[in-house]
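Here come two complexes built around subunit A, the first alongside subunit B, the second alongside subunit C.
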Partner chain A sequence: MTVAAGIGYALLALGPSLSLFVSVISKKPFLILTVLSSTLLWLTSLIVLSGVWRVFLPLKSTSWWPYGLLIFTSIAFQEGLRVLFWKVYKRLEDLLDNFADKVSKPRLFQTDKMQIALAGGLGHGVAHAVFFCLSLLTPAFGPATFFVDRCSQIPFFLVSAIIALAFVTIHTFSMVIAFNGYAEGNKVDQVFVPVVHLVAGMVTLVNFASGGCIIGIPLLYFIASLTLIHCGKMVWRRLTENRSRQGN
Partner chain B sequence: MAQNTKPTSILDSLGEEIIRIIAPVSICMFMVVILVSVLDSSSSSSTSASVNSIATIAYAETNSDSSWDKFVGALLNSLVFVAVVTVVTFILVLLFYLRCTKFLKLYMGFSAFVVLGFMGGEIALFLIEDFSIPVDCITFVVALFNFAVVGVLAVFMSKMAILVTQAYLVVIGMLVAYWFTQLPEWTTWVLLVAMALYDLAAVLLPVGPLRLLVELAISRDEDIPALVYEARPVTCNGSGAEGRVAQRRVWRDRGSENSDHESNNNPNANSVFVENVDSGSNSTSNASVVPDSSTESNTLVSGHNDATLVRAEEGWVPERDAELSAPLIDPRMNIQPQQSELEGIGLGSSGAIKLGLGDFIFYSVLVGRAAMYDFMTVYACYLAIIAGLGITLALLALYQKALPALPVSIALGVLFYVLTRFLLEAFVVECSLNLLMF
Partner chain C sequence: MAIKFPYLLLLFNFHLRLSVSGQLNSMESVPDLQKSMYKFIDGYPCVRLLNLSGVIGCSNPGREMVVAPIVRYKNTIALSQSSAVLVSSDELQSFLSRIWHDSSFAGNIAGVIVESENEFQNKSKGFSPAGKFPLAEFAPYQNTSYEWNPIGSGIMWNAYDFPVFLLSESSTLTLQEAANKNEKNKKAYIADVAEFNLVMQTTKAGTHDSETCLKEETCLPLGGYSVWSSLPPINVSSSDQSKPIILTMASMDSASFFRDKSLGADSPLSGLISLLAAIDALSHVDGLDDLTKQLVFIFFTGESWGYLGSRRFLYELDLQSDAVSGLNNSLIEMAIEIGSVGKGFNQGVKRFYTHTAEVSSATNETLKALKHAQDSMKSEHIIVSPANASNPGIPPSSLMAFLRKNSLSSGLVLEDFDSVFSNKFYHSHLDNISNINSSAIVAAASLVARTLYILASDNKNVSGSALTAISVNVSLVEELMGCLLDCDPGLSCELVKDYISPTSTCPSHYAGVILDEPSSTPYPGYVDDMSRFLWNFLADRTSIPSENGSSCSQGCHNKGAVCVREETDGKGVCVISTTRYVPAYSTRLKFESGTWTVLPPNSSDPMGILDPVWTESNWNAIGLRVYTVQDAAYDHIVLVAGISVTVLAYLAIVTTRAVLTKALKRD
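Our next item is the complex of A and B:
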């Protein structure tokens, strides 16, 4: 309903990412490039998945298990790509360190590495928000709105924007956790990320039931805040032990 | 805090040149998408019949033809277009060879005026009509005239702030791209692919007109007259304006023994951009050659051919003499053995990356045409084009010679458009409407 509502929905999904972008990422050009590449990677994974699943669509809308399978395979594929992303990042880190040595500047700091991970995660999150929420928002700029049967209390655009916000948070910060887990060899972190992603995906299946979004969305936000807290604790721990190490 | 006293990390400035070229490309694409979505919502698709130009001379697409007919018609249109582009490029090479630079310069200024004045005026009229902006004729004409004249001065004479020149170049690219999106759908797509192939051939084949142009320019150590967007070079180590000018002089020392990595990147930047410029200039030139009632066409022709006299005026002339003794060594010889890929892209040097206006235009045409279908295709094509641009810049660093900027981006863009339209959209809509996301 009108341009104001359309912009409102877009900002609801992408507002925090926009502020993250402006405050942290836009200052360093390399991070902008990282965001763009990880967005492209996520889009490619989505296209591959849709290519695989296209023949089965449209799925029967009565039973929930085909959708469960769809989500499970998609998440498994994307988590596999995350490992690939990590390997590419490792090689890039070596390249950057060599370059830093050549121009006689210090090697990558801990905060630099975390910022790159954050940028990667933000790319994934923004890609999710753009393709699952923003690209469907075009009718919202017009004079009317749209309601889905299963969640008929609030407009569809609002629901998808809210869900997109939760997923943006999950994607952004789980990348930081994952990279840190791979770097430290921390098994807990390494397992935490795929599990959280899978649980979040499965929780959206709850929306399948009529009126299910009343339960599904708060659960999703619980998972998102869990990710946020875990990431915060981990970053705090890394930075303080880094600082104490330098103090010695 | 201890952090403030640490030396700056490499992450602070790495990749800045690439961002400085991606930003204006993105702005141009964004503006074209906005224009297309705002203006097209009012007009119907049958207006495609009203666009008469060289690009539709062979076949005018109507909604009732079959897909195969449309495809064949579009193919004919594109072949005619590419043929005209080739002829005009060869004429340009001839004129450049005969040293008619003044004529080319004047022609370019004239075209810039007509593009900004007439095309800009037409689009402004559409906008005024759509939004019912109250403005009277005289104010409008005066404002438009001033706008066009300042634009001509900005691209024609370089004494303006660089931001103004860059802004006007982006505006010119946007106006021409919007005009191109008015072509019928099949014609647009086949034309994009045809221009990408033409660009590839014209730059890499030894008989290609653009390659001849580059070699002529290198042998004479002159700038090619064409419209080109120049991203400001990154100042390194606090060197001020003199440093910048000196570095750009280094750029013109093709084959000089100044084997800083700057000189390595700059000749290439020169070539890369050259290619793009000319492909762009020709394409637009052709559009105009049409014996058409609309004067817009004429604008386009001259538009791109004039260019960088801008840089000549910036005070480089005194330094030109220093380069007369530069031997004509293949820039490849200057590559330092340990030059990493990162330095080659221009990350370590302060060479300015230049991109021809034709590339701006065709990227924006692709995205604008994607916008006419849906916004999902816009996002996908945007990412694909930026990826293609990044790959082209990386290849430039690797091969150190003139490269066309259109093929990779257009190929990726068309691929992603097709994949998104036929595969991704159904998948995402299905998942979203059931509120299932991952």
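Our next item is the complex of A and C:
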């Protein structure tokens, strides 16, 4: 491939995040900080996981279940960290609200809270894309392309960019759903996020099968759009009921 | 909400039924990915060589790498685009001659890749890229159109503007797969390409003949170091220096189309090995000091490129330089050359032919001695016959240089052929160990050893028992063949490692270039493995042990003592031996103040006037890579897709934000 294709793959994976950053996040410094700290948290979780799993790697196995176990434990750990992230955010929210009261400024609006959640999710998503797609993209800037045996119709770099885009979407909007679920005490939303994350992770195992990426990638996008739709519905519900509450 | 759970369970079920099949991809890092993408192919290149009038060999046409899709050669099909052509070993000759005659075909050749020969291929056809009369211009007779090598096609003496590589066995499969994949995917947007790096400095600098390239320092002259030794060592200080000398010679270098695959098993290494075995046999004989004549052995290099070794040796003899101190030109009574002897075995009978120049008393003595030696080995079924009288003269050999210098020299060449080469792979990469027979080499060695003993004792009362005591070590011959003509064990064999630390395992007998200033005591790092091995082997076999066999950590102080096995762990032993290096390079070249200059032709050096003065271009790196490439259009589609995804996402976000803001403000 060439520089053109390399830039194309990078934009495929991270272009929408870039658009989101430019249009929403970059306007408020606090959101930028949230993105950065969330990215850092996600990368730290990866470092801890790799430290724990180091002994067992590389997994030279022809069956899928050691990989399944690896994904399951990693996702479980990351979901646990999400709860931690929420708790830290809650304390921060209380601090900010107290400060606002002291200087007689308005407290955080619902939209502000959602934007913070969005920024947190974006941080996770960008970290995923950088780690699992951009870091592999250096050879793509050279003249050669690469095809994996088990997915021989699509170039490897294209596959990894598309999968990264799906995960960016899932991570970004899951955080909004999750924060809302913790705030409202909505059990469905609280369970929805880890389950979706786990399913998405397991679906990538489909790519192990020969020609599996033809099934795996559409499935992944199905899950991503599911997340997007659920998030949209929830946001609409919250904002309209809020408005109606205020209207009363 | 309830709908979602069954959906998720279904997904779980679905993926559980799929099984993981096939081999697991074992890449663990980005460098591993890079290595899987770009496959380095090991191959043997054909490089650019220059002479006074032009160039030969192969090179990239410019400064860039050559990248082209791999296509298998089919005689009937014309090439539609610039391609890297994969040719099988036996098609190479016809392919290259087609390029010469068909310029439209040649225009689409970006590079050539030659498969390694199949074991089951028909070997009776023969292949020789050399000419039909190699080095005919140096012949001491007029008939230069005689065909000593009728199979010769001369393709290695042409100039090619594209890179040519010979593959090893393992890489042949990789390239064949790539060519097959390209054929299947003819319409698709991907292709397997080969990237050739054979950029030659002379092409970059625009110096296209020896004189300019030596001046610009973009090339180096071909040459090396010949090795001579005497048995027993010559006592330089003693007054009695008038023993007549019997000079026995062999060559250590060969040539081929592909620089690093010139084994030359039959021509000329079989002669070298038999002479080494003969020297070993003679070294165990008692009473060598009482011989009436002095035996001197010399191994030339650079002979394939205009008899560089022999011409330089004769020149140094005239100058009486340090390299040849102890030798007096006028004392050389007879010059015997051991040529190719490896194919002299046929149905249990070992047959050799003697090619002589003018008849003289010394030559007759030698022929008598050969007959005597042959008779002493009746059980070995060795037959030595004179060469056909209708031959125009001696075959291409170092003796030609001797005769050109002095047409009255007495000389004889021992070969395994009569009127034409019996070697069907002369100067080709296929002249390897399977082309020769060790029994022929052992027979030649015994013959030569006994003949030399008889000659040196001046034919006087040589007892049968004395002759029978001279026996050739058969395991030494086989060991030398394994070390010098094969990659396994190659130069890492015990025999070679006992004397030197070799720089590579696979032997190659291309003469190479001469590095730095030529001298009789060169820096060992500038002398190639073969010369160093010969020097140490000969010094060891022809030596008289020095006092106490002292180590040479402080140098060897005794007169006539040299340090043997200096490179090995034992750090060397001092022995008394007359073994010297003689530089081998064209008599038309002179090294002064760090550069080489070409001397004008001199009438006192008639062979120098004919000398093409071969040099080899310098280069940075040589290599061959194979990788998959996709259409440029595809790359642009990907870029456009990435940009459009980014833009669409931006629009969606802006729209959503507008909608949400409006919804919130609807109060």
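One rule holds for everything that comes next: the second predicted complex is superposed on the first by the 247 of 248 C-alpha atoms of A that agree within 3 Å, B and C clash if a C-alpha of one lies under 4 Å from a C-alpha of the other, contacts with A are read in each partner's own complex, and residues count from 1 in each chain.
In this text, contacts are C-beta pairs under 8 Å (C-beta built on N, C-alpha and C of every residue); 3 or more make two chains touch, one makes a residue touch a chain.
Bear in mind that the values here come from a model prediction, so they are computed numbers and not experimental data.
Of the two partner chains placed around the shared chain by superposition, subunit B and subunit C are both touched by A:Leu136. With both structures placed on the common chain, the touch criterion links A:Pro58 to subunit B and to subunit C.
In the superposition on chain A, contact is made by A:Arg150 with both subunit B and subunit C. Applying the stated contact rule after C-alpha superposition, one finds that A:Pro29 touches subunit B and leaves subunit C untouched.
Contacts of A:Val203 after superposition on the shared chain: subunit C is touched, whereas subunit B is not. Once both structures are placed on chain A, subunit A residues 58, 61, 111, 135-136, 138, 148, 150, 205, 208, 243, 246 are touched by subunit B and, in the other complex, by subunit C. Only residues 1-2, 4-5, 7-12, 15-16, 18-20, 22-24, 58, 60-64, 111, 135-136, 138-139, 142-150, 155, 158, 165, 188, 192, 195, 199, 202-203, 205-206, 208-210, 212, 219, 235-236, 239-240, 243, 246-247 of subunit A touch subunit C when the two sit together in their complex. If you check the complex, the residues on subunit C that touch subunit A are 1, 4, 8, 11-12, 15, 18-26, 28, 30, 33-34, 36-38, 67, 190, 195, 627-630, 632, 634-643, 645-647, 649-650, 653-654, 657, 660, 663-664, 666-667. Interface residues of subunit A, counted against subunit B in their complex, comprise 27-33, 36-37, 39-40, 43, 46-47, 49-51, 53-54, 57-59, 61, 67, 70-71, 74-75, 78, 95-96, 98-100, 102-103, 105-106, 108-109, 111-112, 115-116, 128, 130-138, 148, 150-151, 156, 159-160, 163-164, 167, 197, 200-201, 204-205, 207-208, 213, 216, 243, 246. Contacts from subunit B toward subunit A in the complex involve residues 2-3, 6-16, 18-19, 22, 338, 340-343, 348, 374-376, 379-380, 383-384, 386-387, 390, 416, 419-420, 422-424, 426-438.
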